[in-house]
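Several structures are given next for inspection.
There are two complexes below, and they share subunit A, which is joined by subunit B in the first and by subunit C in the second.
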Partner chain A sequence: MDVLVERLVAGSTEGAVYALIALSLVVVFRGTGTINFAQGEMALFTTFVAWSVIARDLPVWVALLVATASGFVLGALVERFLVRPVRKRNDMAVLIVLLGLFTVFNSLDGLIWGGETKVLASLLPNGPDDYVALGPARIYGDTAAVWIGTVLVLIALTVLFRCTRTGLHMRAVANDGEAAALAGVRVGRVLSLSWGLAGAIGSAAGVLVTPLAPAQLSLLTMLAIFLSAAAAALLGGLDSLVGAVVAGLSIGVLEALVIGYVPGVGSNLSETTVLVIIVLVLLVRPQGLFGTKKLERV
Partner chain B sequence: MPSTPVAAPPAHLRIDRLTLEFGGVRALSEVSIDLAGGGIIGLIGPNGAGKTSLLNCISGFYRPTSGDVTLDGRSVLDMRRHQLAGQGIARTFQNLALFGEMSVYDNVAAGAPRGRRRLRGVPGLRPPGTGAAERDAVWAMLERFDLVQHARHPAHGLPFGTLKRVEFARALMARPRVLLLDEPAGGLTHTEVDELGGLITDVVRDLAPVVLLIEHHMGLILSVCSRIVVMDSGRTIADGPTEQVRHDPAVISAYLGGGADLAAR
Partner chain C sequence: MSAGYGAADVVHRISLDVAEGEIAVVLGANGAGKTTTLRAISGVLARSGVVQFDGRPMPTRPEDTVRVGLSMVPQGRGTLTELTVLENLLVGAAVRPRHEADADVEKWCGFFPVLGERREQKAGSLSGGEQQMLAIARALMARPRLVLLDEPSLGLAPIVVQRVFAALADINATDGTSMLIVEQNADLALRLARSAHVLEAGRLVASGAAADFLDDDRVRSAYLGGR
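Let's look at the complex of A and B:
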């Protein structure tokens, strides 16, 4: 029983991490119909920025704000100057651009901040005694920060998409860009905004998540996280906010349970196991758990 | 963008020697139509005559090879599409261009103009209550088009005739000064076509837009249009008051292969 609770807490924390990054992927996908493969690395870049801010003796929340703002700008700039011009010609080429950005940002991090592992301070108090006991499990500050962050982002995005004019325009653009333009929606601006928003979410996620990451703050921090987050977005249906969160949590918990209960499966194989499960689910439900089934009208 | 004042003069849309070529094929050849004076202008002609191509040039989907389209003397060809909407040009599509996964309400709301920032003379400040006023405007439009019972239903899955009304309603949300309708009666039942005629005349009475109406349904054309432009093979072959054009022998032979009066369709 104790093992189960401990595994569930660990798994859902890991899952909340995936969910946060997956949410940023969903926001981009809803706007542009592409998976931003550079999302994780862009988030890592701004997390390094946050580290530099903290290194100047500024509080973590300032670093979080700086990282989030620079993530927004970075996302919007990437959309405006790299994705948009390429996308006009060829959707496939966008993928290559994003894969290129993936390596560019990673190398840039190495160039600016060097290869050695750094420690990023946690937003909430994270000392050995700063925990809330949940049965046998202890929830430390860094864990709580990730959970709270995920819930807040999910609520904020839901309100944005459901209740605001900007959200309405974002959905319209996602549905049919040309029709939206004709209805007077400034499609370009909406797309930049989507990417900026995704960049901001990713960056906030980076700052919250890094203190928990096995690799701490290093050039490898985001690799494994991004892979699982992308899987979560895909499993959730790519265009569903709730789907991203549910899938992210499921993947995190599944991984934790596999590690805890399946003998002979180390943490490396746990990822493989989970990915296999995802493939099986997608074979049955290609649109993902919560995704919209695309209707073709002839 | 200024919202249309009540007594604004009708928009002056002018199509000037418009030519459109795809490779070696001429879809439009020196088409000139002056829509001064407004009203409902019917655009008819056999399939492939270039009617939709003309609409696509006006609404920024095609870039014409030469010629110009002006609205109140300003060329619209270099405008971006959302700017066209801001200038008051709205259109509907033969095969619909709706947001399938969004509700009928959201589809119509998406057509609302961006915040009228100068309301009550305070620039840049959105007056309180605008949100509610906008919701009321959407509901009023849904009611007018008999769509209230479908408001929360996603657009896909609704009957074609209903979707046509949704698209029409969305186009009207911005209170357009120029309304381009591409076969609005296509796929509608007899009763629906009659209702559509009533809606179009109502709209013109209330908003006084210039309406360019592409239609094969001659009954609708003859009942609502004050003027008819006939196209064939990318050219205009007749342009004049409805009564005159419907009896024009050249039109009858091009359009019907000779013999009958247009009203017989």
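Let's look at the complex of A and C:
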């Protein structure tokens, strides 16, 4: 029983991390119809920026703000000056550009901050005694920050998409860019905003997640996280916010359970096991758990 | 004006006018360049030559043409299928102040009662005729002075086509909205329109009063495939 609770807490924390990154992927996908393969590395870059801010003796929350803001600017710039010009000619080429960015940002991190592992301070108190007991499991500050962050981002995005004019225009562009433009929606502005928003979410996630990550702050921090997050976005249906969160949490918990309960396979192949399960689910539901099935009557 | 895709022009140096408050129709066979013409005017496609609106040059991007008073109902409805009827109408009001949008939603839901009944339904779940009405209402939410309609009869049952055209005549009469309609259904379009233009292989081959085209059997057989 104790193992189960401990595994569930660990799994849902890991899952909340995937969910956050998956949310940023969904925001981009809804706007541009592309998966931003560079999202994880862009987030890692701004997390290094946050580390530099903290290294100047500024509080963690200032670093979080700086990272989030620079993530927004970075995302918007990438859309405006790399994705948009290439996309006009060829959608496939966008994927190549994004894969290129993936390596560019990683190399840039190494160039600026060096290869050695760093420790990023947690936003909430994270000492050995800073925990809330949940049955046999202990929730530390870094865990709580990730949970709270995910919930806040999900709420904010839902309000944005459901209740604001800007959100309506973002959904219109996602549905049919040309029809939206004809109605007067400034499509370019909406896309830059989507990418900026995704960049901001990814960056905030990076700062919240790194204290928890097994690799701490290093060039490898985001790799495994991004793979699972991309799987979560896919499993959730790519265009669904709720889907990203549910799928992210499921994958996190599943991984944790496999590690805890399946001897041998667990420690080495937990991610593989989960990916196999995802492939099986997608065979049955190609549109993902919450993805919209294109419906159209002629 | 000329326009096309890439290096090849599909429409060659055509010239036509739409007078204030009138309905004009562009006829022609498949591939004559009718759709290209409308898409070039609204700025979806690049064009060369001169397009003027109210004596001023027409902007070259769809986001901007709608701001000077031009709306387009693209071929195949162009509704936002994943959004509800109400959301479609609100997107149509993107260029208008927020507080005016609600009143116009009520106006068009009253004019097309079927839209009012289905305002929370996704546009993609509507029938073809209902989607066409929604596309028209959405275009009108921008309070345009000129509406371009690309084959509003496409894929609709004859009785529904009648209803759509009657609505267009009604809107033109009450609000004085000018319209430029591209159609394959020549008879119906000529009855609705005041002036008519015929495109053939990307060139304008005839222009005149719509009534003359209806009466003139030679014109009909030459350009419209007769009956």
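The rule is short, and it goes like this: the second predicted complex is superposed on the first by the 292 of 298 C-alpha atoms of A that agree within 3 Å, B and C clash if a C-alpha of one lies under 4 Å from a C-alpha of the other, contacts with A are read in each partner's own complex, and residues count from 1 in each chain.
Methods note: a residue touches a chain if its C-beta (ideal position, glycine included) is under 8 Å from a C-beta of that chain, and two chains touch if they have at least 3 such contacts.
Since this is a predicted model, take the numbers as computed values, not measurements.
Participant: Judging by the criteria at the top, classify the pair subunit B and subunit C on subunit A as clash or fit.
Facilitator: When both complexes are placed onto subunit A, subunit B and subunit C end up clashing with one another.
Participant: According to the stated criteria, A:292 is in contact with first (subunit B), second (subunit C), both, or neither; which is it?
Facilitator: both
Participant: Of the two partner chains, subunit B (first) and subunit C (second), which one does A:91 touch, if any: first, second, both, or neither?
Facilitator: A:91: touches no partner chain.
Participant: For A:185 in the superposed arrangement: first (subunit B), second (subunit C), both or neither?
Facilitator: After superposition on chain A, A:185 lies in contact with both partners, subunit B and subunit C.
Participant: In the superposed arrangement, which partner chain does A:172 touch: subunit B (first), subunit C (second), both, or neither?
Facilitator: After superposing on A, A:172 lies in contact with both subunit B and subunit C.
Participant: Using the superposition on chain A as set up above, list the residues of subunit A that contact both subunit B and subunit C.
Facilitator: Common interface on subunit A, subunit B vs subunit C: 165, 168-169, 171-172, 175-176, 178-187, 292, 295, 297.
Participant: Taking the complex as given, what residues does subunit B use to touch subunit A?
Facilitator: 59, 61, 80-82, 84-86, 90-91, 97-102, 106, 109-111, 113-115, 156, 170, 173-174
Participant: Considering the complex alone, what residue numbers of subunit A touch subunit B?
Facilitator: Checking each residue of subunit A against subunit B gives 165, 168-169, 171-172, 175-176, 178-187, 292, 295, 297.
Participant: Given the complex with subunit C, which residues does subunit A contribute to the contact?
Facilitator: Against subunit C, the touching part of subunit A is residues 165, 168-169, 171-172, 174-176, 178-187, 292, 294-298.
Participant: Quick check on the complex: what are the subunit C residues that touch subunit A?
Facilitator: By the definition above, subunit C touches subunit A via 42, 44, 61-63, 66-67, 71-72, 74, 78-83, 87, 90-92, 94-95, 98, 122, 124-128, 131, 138-139, 141-142, 155.
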